[in-house]
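Below are structures written as structure tokens.
Two complexes come next, and they have one chain in common, chain A, joined by chain B in the first and chain C in the second.
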Partner chain A sequence: MRSRDELTPMQQDLLRELGNIGAGNATSALSTLLGDKRLDMVVPEVVVCSLPDTMGLVGGPEMVVVGIYITMSGDADGHIAFMLPKDSALSLVGILVGMPVEELDEMALSALQEVGNIVVASYLNALSDMTGLKLVPSVPALAVDMAGAVWGAILAGAQITEDFITVIKAAFQVDGTSLDALIMMIPEADYFERIFSILLGTEAGE
Partner chain B sequence: MTELFVNMGELKVLEGNGRLITVGLGSCVGVALLDVQNKVAGLAHVFLANSGNHKPSDQPGKFADTAIPALLDSVLKKGARRYQLKAKIAGGAHLFPTAAGASLNVGKQNVEAVRRHLREVGVPLVAEDVEGSYGRKLVVNVDDGTVIVQAIGQSAREL
Partner chain C sequence: MAKRVLVVDDTAFMRMSLRNVLEKNGYEVAGEAADGEEAVAKYQELKPDVVTMDITMPKKDGITAIKEILADDPGAKVVVCSAMGQKPMVIEALSAGAKDFLVKPFQPERVIEALNKVAG
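Up next is the complex of A and B:
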């Protein structure tokens, strides 16, 4: 796998644009799910950054988060996490059920799992449409724990030991309630080369 | 008092009165080597069991097979005596048991590798809090060798 420095500015722009479109699609899906609530996506941030830096994006390794973990298969393999700080997760469930929610019970977790499923599937659909690659999401798994533990377990499961991943940080705003949510994607090693090859017409490894 | 945070894949050593802290141990394993008499302690945040299948890393703390010898070396250099060293470990959870491909239990593999490599270097493992399905925070008090483990929603306890 290559380091961030080896990506050309054009390749970095392309990854950002893909992230934007994916997150845009995910936002529309979430918006539909939330019914008549007005949902805005606040300038999604797409970063190619090192593993330790990703901890900062979720509020530090000790921040309690709900993490939904989905693997991607089909024409390309990869690992995708949809993560929300616990407060945001409670707000989101509250909006879904139409009343304030204070505890993450079984029903709340099941709702969040389904939200993660829909958001990630729509994100992958956008990537599929642009690249022509068939990308199939797995059944989602869920954990509520320290961000470091959740994210570390996903990275270890993916056997990622390199410092190069694309992170899409999407912040959502619903009727004035702030919701922070992150979609993090770890593709297999040659995924970027294939994407560049398809979209820029360059040969893999160039 | 000095407090050092040990991030994923790192290892750090401290002498005197400080604390070594690692947060968010999921499938990772925190390995503490302690010499109470000489007030020296080291902590590694081990990420995976075996370095063999991966690109050589300048961070030996990432893998159990490179972390344990490197951690031992570091505490000995800081003045720890080999025969006085004891090990305490925590972590190695299985956070997503229902995930696709979860048959590969990285946490358990990490714990087994850490135990094996501690045996190989001859440092007795005197306490552990491992596996389960929840993340942990680990605090090592260097001066008395106590190790505190905490999980979300549970009270802290001494290892």
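Up next is the complex of A and C:
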């Protein structure tokens, strides 16, 4: 397993920049979805962090979250998760349907699944535009559980070869309501190598 | 007479949103399908004037469904409505026979504009 410290500063910078571009696209997508409501994104924090550190970013393993999980295939393989604390999820659905929502019923979960799908796809569209790689998202899976459990389920299905992932931590403001969300990119096999060699013209670890 | 639309999307929420947009603009939703397999079956059963088709779906994806629908009815009119706006995917959908490609999240006007052009 390769650790984050083995990445060059240039490589870390590139991963952060890809995260920023992805976050920008995801925000415009979310804004259109919310009926062109003004959506302010607090400058997203893009972190390249080690796996154990990610738990802290979602507010600890016991925080109840909604997790939407998508497998990426095509020219590169990976896993992407979109996670938001349950209260942010409720606010988001409330804005989508135009009335306060107090529980996550079937339609609310369906709405969140579609939000996750659109956010992740717009992130992949941006990545595809930059790299020329065809990146195909799977049908999204959705879980409402404690962050630790959701996280465990995702990692169980992934073949982790790196001890770091790219996490975009974003906070949105819509109509005075603030929403927190995380987009996590978990690379598989040679995903980062491909990205590095296409965009930096080098092999990772050089 | 109102044009009849078959709405295909794996999320109930998106089918509901599309239904709202279509019905507000004088279209009739002839039916809904939640995956590609159901889409092909419903198309044969309902013979709608136009289909809105998602791509990423369980069981059978939208591109395969488009090909099967067109093999059965070469005059079928399908508009893709997918979040996956990558160029290779758009080209694949259009060469499978889709008449237009809308990238989600869509603006309601764009959906109606595309349907008017295709179904009108």
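To be clear about the criterion, the second predicted complex is superposed on the first by the 198 of 206 C-alpha atoms of A that agree within 3 Å, B and C clash if a C-alpha of one lies under 4 Å from a C-alpha of the other, contacts with A are read in each partner's own complex, and residues count from 1 in each chain.
The definition used in the following text is that contacts are C-beta pairs under 8 Å (C-beta built on N, C-alpha and C of every residue); 3 or more make two chains touch, one makes a residue touch a chain.
Just so it is clear, the structure is predicted and the values come from calculations on it, not from any experiment.
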item	value
Which superposed partner A:Tyr69 touches (first chain B, second chain C, both, neither)	first
Contacts of A:Pro100 with chain B and chain C, given as first, second, both or neither	neither
Which of chain B and chain C A:Leu135 touches, first, second, both or neither	second
First, second, both or neither for A:Ser122, with chain B first and chain C second	second
Touching partner for A:Gly148 - first (chain B), second (chain C), both, neither	first
First, second, both or neither for A:Ala111, with chain B first and chain C second	second
Chain B/chain C common contact set on chain A	138-139
For the chain C and chain A complex, residues of the former touching the latter	10-14, 16, 56-58, 82-89, 103-107
Sites on chain A touched by chain B in the complex	51-52, 55, 60-62, 64, 67, 69, 71, 138-139, 141-157, 159, 161-162
In the complex with chain C, residue positions of chain A that touch it	29-30, 32-33, 36, 96, 106-107, 110-111, 113-114, 117-118, 120-122, 124-125, 128-129, 134-139
Touching residues on chain B, where the partner in the complex is chain A	7-9, 23-28, 47-48, 53-55, 57, 62, 93-102, 104, 106-107, 110, 133-137, 152
